[in-house]
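Heads up, there are several structures right after this.
Two complexes follow with subunit A in common, the first pairing it with subunit B and the second with subunit C.
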Partner chain A sequence: MNRKINNLSLPVVSLLVILFPLLLNSYYTMRILSTLGIYLIIAMGLNVLLGFTGLVSIGQAGIFGISAYVCGILMERAGVNFWFAFFFAMAVGLLVGLGLGAITLKLESGYLAITTLGLCLMVKNILQNWDSMTNGFEGVIGIPKPSIFGYVIKSQKAVLVTITIFVVIIFWMLRFFLKSKYGRKLRASRDNEIAASMMGINVVSTRLLAFTIASVTAAIAGWLYAGLYGALFPDFFSMDLSVLFMCIVIVGGQGTIWGPIIGSFVVVYGKELLGSLGEGQMLVYGIILVLLCVVQPSGLAGLFEKGFARLREITLKKGEENAR
Partner chain B sequence: MIDVLIIGITFGLIYGLVAISYSLIWQSMNLIHFAQGDLLMIGGFIAITLINLGITNMFPVVLITFVILALIGVVMQNGIYRFIPQKRVVTRIIATLGMGIIFKNLAVLIWGSNSHALPETFFPGSAISIFGISIRPVYYWTLLISITLVVLLMLFLYKTKFGLAVRLTAYNTELAKLMGVNPLLYQSVAFSLAIGITGVSGILCSPISYVNYKMGLAFGVKGFAAAIIGGLDSFPGAIIGGIVIGLIEVAFGQYLSGYIDAVVFGIMIVVLVIRPRGLFGKSKAIKI
Partner chain C sequence: MPDKILTVDNISKNFGGVKALSGVSTEIERGTIHSIIGPNGSGKTTLINVITGFYKPESGAILFNGEHMEGLKPHIIARKGIGRTFQNLRLFDSMTAEENIIVAMEKDMKETLWGAFVNSPSIRNIEKSAKEKAHIILKRLEIEDFADRPVAMLPYGTRRLIEIGRALGLNPEILILDEPVAGMNPAESENLMRIIKLLVEEQKITTILIEHDMKVVMNYSDEITVINNGKLIARGVPKDIQSNPVVIQAYLGTGRAGSQGIKEETDASIKN
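== the complex of A and B ==
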């Protein structure tokens, strides 16, 4: 009985989440939520890597940037259809994921962090300087708005609904993946490499899979961003953005399916609040980040889990007492 | 041509010093410390402040900066990093990134967002000429100071009992504990030495390139590329890796000025593919 409700409730909740933006009226809220959705997609992919595989990538903004520019330039100059450009985004994600992963994943985990950081800086460097292709600091602007069955996705509400649909789809796919045997392989190789390889798990290829998933989701987010926002500037795709994605995963709780969702709301709205502090805002942001790493490394999801466990303990005790 | 070569080697030595600090931290704590570039910037700013306070002689400024940065290192290691378990790789790396953000924004609050430069007269002596090439004091002092630091560090690590304990902690923390060595003590010694060296490299680069709050990223990342090229476990390799990067930078600088960063990382990735342990690293790969 209980299980049946569970099986039904998740699709219903997903549908409600998708329909929720229709109730919103404030342009400001919808704008923030759209950006949040894009970040959330990347953070969910990154969580597979950070949380479930125990590897660090500081290059998500770089992959996001390459994909956004590739799709954006194709849509703007070559007139490629928005929906068709999706395949280019997939290709970018796969190429970067498999290519960079094959080089670094055989080495210790720190090497992936630094190579992806290098990728991030390289991408920004090239986007800023390759004037003939990326239009340098002026950016790629005027990317045509996508349309579906003749309806042009133009209003902020339509943009938000589209992004939410993709957030839900990607959430479901990642959830399915993490619950499959591949998800278990990831966790096994995170917790103990040697034990995992004794069980016959190919640790390197399992990690490669996780890294590729993370980079493909970042690439999909780039495609959505290019098409739905319509303008790209190189300074946006900086290392700070990568750190922000990691922050979302850490704040929410690495290695939990719900973590990035909690984290994206806390971090994005938290940054909006910090904005009123003016110059010191990034300092406060850094201090909070470091404190969180020291005090609550399992993030807010971990805190809630602890709270729930405590609550359950209390209610169980009460139940026992009542039974007596 | 020769001038360009000298500039390349000087920058290379600075990258090499940063690379050494990465490698020292990596060897002793198994941590890639991403705040290194920002600490270099802090070193530069502290030197400028000291000069503004009236200490114009080079030796005390270098020494005081080294000590202040080393103390910052002790505080960081004992206040933050030691509380994060070694197993939480992701959390540790994010903590270092967070420290980088903190230092960068502290610098903006304390010293403002303008660029500063050390006066070139800060380095004593006059230009010397070798084979008809005149070399300004900045350049030969950079060479002298960085070589002195490397030699002192290697003497300390390989010739003293204290250094032996540091190396043992790096090699195997559990073994060190069994031998009665307190790993926390030696890790903070190694860490603070590394941070001190980074601070000195911040002084060395400030007459040539301006000191501002944004400089950290470029130096930090190029220093890391140098460490990778030279091999994360070799100090002479780190210096050579740094010089390689410095020379690449001046060689490509004239033709591809905008793309230097991309070229440097491209070369780093090529080295990772061909020789993952770096050009001078020990050939033994650690099995995962």
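== the complex of A and C ==
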């Protein structure tokens, strides 16, 4: 019985989530949720690396940017079809992930943070200054809207539904992946590197896999962003954005399945609320982040888990009392 | 004819100027319990770390089933069939007891990467049979009640058993136990050694035991290698080792108070 419910819950819940945007009317809400969805895709990938493998990447915005520009330029100038550009995004993700990872991950794990930081700074600089290719500060604009079966994905509602579909697909794929032997390998090499290698796990290639998955998800987000938003500007793909992705994962709860989802809502809506503070919001973010790391390292997801466990205890006790 | 599963041939290992191992050789017979003993800092754990590939030896050879192991990466040696535990426990603390064991089964789980992403039926079968195998191991170690408990919360003795279970998950030909009964009371250590003895007898797993507890060593070993200051000083059956004057001197030094202690203890344990 229980199993039947579980088997059904995947498609039913997924469908409900995908159809939910159809109930929305506010353009503003749909716009925020679309951006939230793009961030969430990147954060889910980053969670595989940061949360489950214990490695820090400050370069997700860089990978996101490369992929968005590659796909955007191909679609705008070379007339490449949106759906076909997906393969270019995959190629970018794999290339950056495997290439950068292969060089860096043989070193101590801290070097990945520094290398990806470099990548992030470099990408923004190239996007700003390589005028003939990226159009500099003026950006790549007028990327043609994608269409599916003749229907043009143009309205904010259609954009949101498309993004949500990808969020749901990627969520489930990563969830299954993390439950498989590969997920256990990631956690083992995070928990105890020496023991992992003595149990037959190639720690370097395991980390490479995690970094590549984070890169590919960021690249997919870049492709969606380029196609669905239609305009790219270099300043968007900055280090602040990388830090934002890390905030989402850490606030939500690194190494938990639901963490990035909770985190993306809290951080994105929090950013809207704090928007009036201007530069000051980074300060508030910093303080919240430090506090969370000290007081609640497993993030909000961990807090909810504790709460649920507590609630279950209480209801069980009540049940026992009633039985008496 | 005796069958050597592992040959340690003239192994040397330096740390800076310190000679941790100099020219150690020994042989381990298949299907036996072989103890490596020696005073603190004599190089026992270093030898284990060389065998399992954690350290590269400066010279010498390690032959496992006739195949050279020296210089290979730890994960490759592990996959060839050498499992181990650690002196100071190294469990995967975020996982349950069962998961800890399944991690080590990884080499026999033919899950494709794509299958893992889409949760294919074959993956579900592999996961299911891995769980069943892990339960068999947990049952052998008499800790099946702890299967779903996060290991970080479990008592020390249970954690030690889980670590042994994890090494068994590798389905090893050689099981290396680094001070398995350290910190256990006599009843617990007796129980653990009984279980290990059963494993050796029933599954023909060759066991290398590093241990300070002389009672355990003398009672359970088929053969003993003694090292001191990184050098091999004796090798033989327990009876010969405990009456070997070189060994007694290495352990106790000369002229220290109570220098008969170990000999009496081991004598007594043999009589038991």
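We take it that the second predicted complex is superposed on the first by the 318 of 324 C-alpha atoms of A that agree within 3 Å, B and C clash if a C-alpha of one lies under 4 Å from a C-alpha of the other, contacts with A are read in each partner's own complex, and residues count from 1 in each chain.
The working rule: contacts are C-beta pairs under 8 Å (C-beta built on N, C-alpha and C of every residue); 3 or more make two chains touch, one makes a residue touch a chain.
All figures in this text were calculated on a predicted structure; none of them were measured in a lab.
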item	value
Clash or fit, subunit B versus subunit C on superposed subunit A	fit
Which superposed partner A:K185 touches (first subunit B, second subunit C, both, neither)	second
Which superposed partner A:P11 touches (first subunit B, second subunit C, both, neither)	neither
Contacts of A:I250 with subunit B and subunit C, given as first, second, both or neither	first
Contacts of A:M173 with subunit B and subunit C, given as first, second, both or neither	second
Chain touching more of subunit A, residue-wise (subunit B, subunit C)	B
Which superposed partner A:A195 touches (first subunit B, second subunit C, both, neither)	second
Touched partner set for A:V203, first subunit B, second subunit C, both or neither	both
Contacts of A:G54 with subunit B and subunit C, given as first, second, both or neither	first
Degrees between the directions from subunit A toward subunit B and toward subunit C, using C-alpha centres, nearest 10	80
Superposition-derived minimum Cα distance between subunit C and subunit B (Å)	8
Intersection of the subunit A residues that touch subunit B with those that touch subunit C	203
Touching residues on subunit C, where the partner in the complex is subunit A	52, 54, 73-75, 78-79, 83-84, 86, 90-95, 99, 102-104, 106-107, 109, 111, 113, 115-119, 123, 126-127, 130, 166-167, 169-170
Residues on subunit B engaged by subunit A in the complex (per definition of touch)	26, 31-32, 34, 80, 83-84, 88-95, 97-102, 104-106, 108-109, 217, 221, 224-225, 228, 258-262, 265-266, 268-269, 272-273, 276, 286, 288
Subunit C partner contacts - residues on subunit A that touch it in the complex	173-174, 176-177, 179-185, 187-188, 190-192, 194-203, 209, 255
Touching residues on subunit A, where the partner in the complex is subunit B	50-51, 54-56, 58, 103-104, 106-111, 113-115, 117-119, 121-122, 125-126, 128-129, 193, 203-204, 239, 243, 246-247, 250, 254, 279-280, 282-283, 285-287, 289-290, 293-294, 297
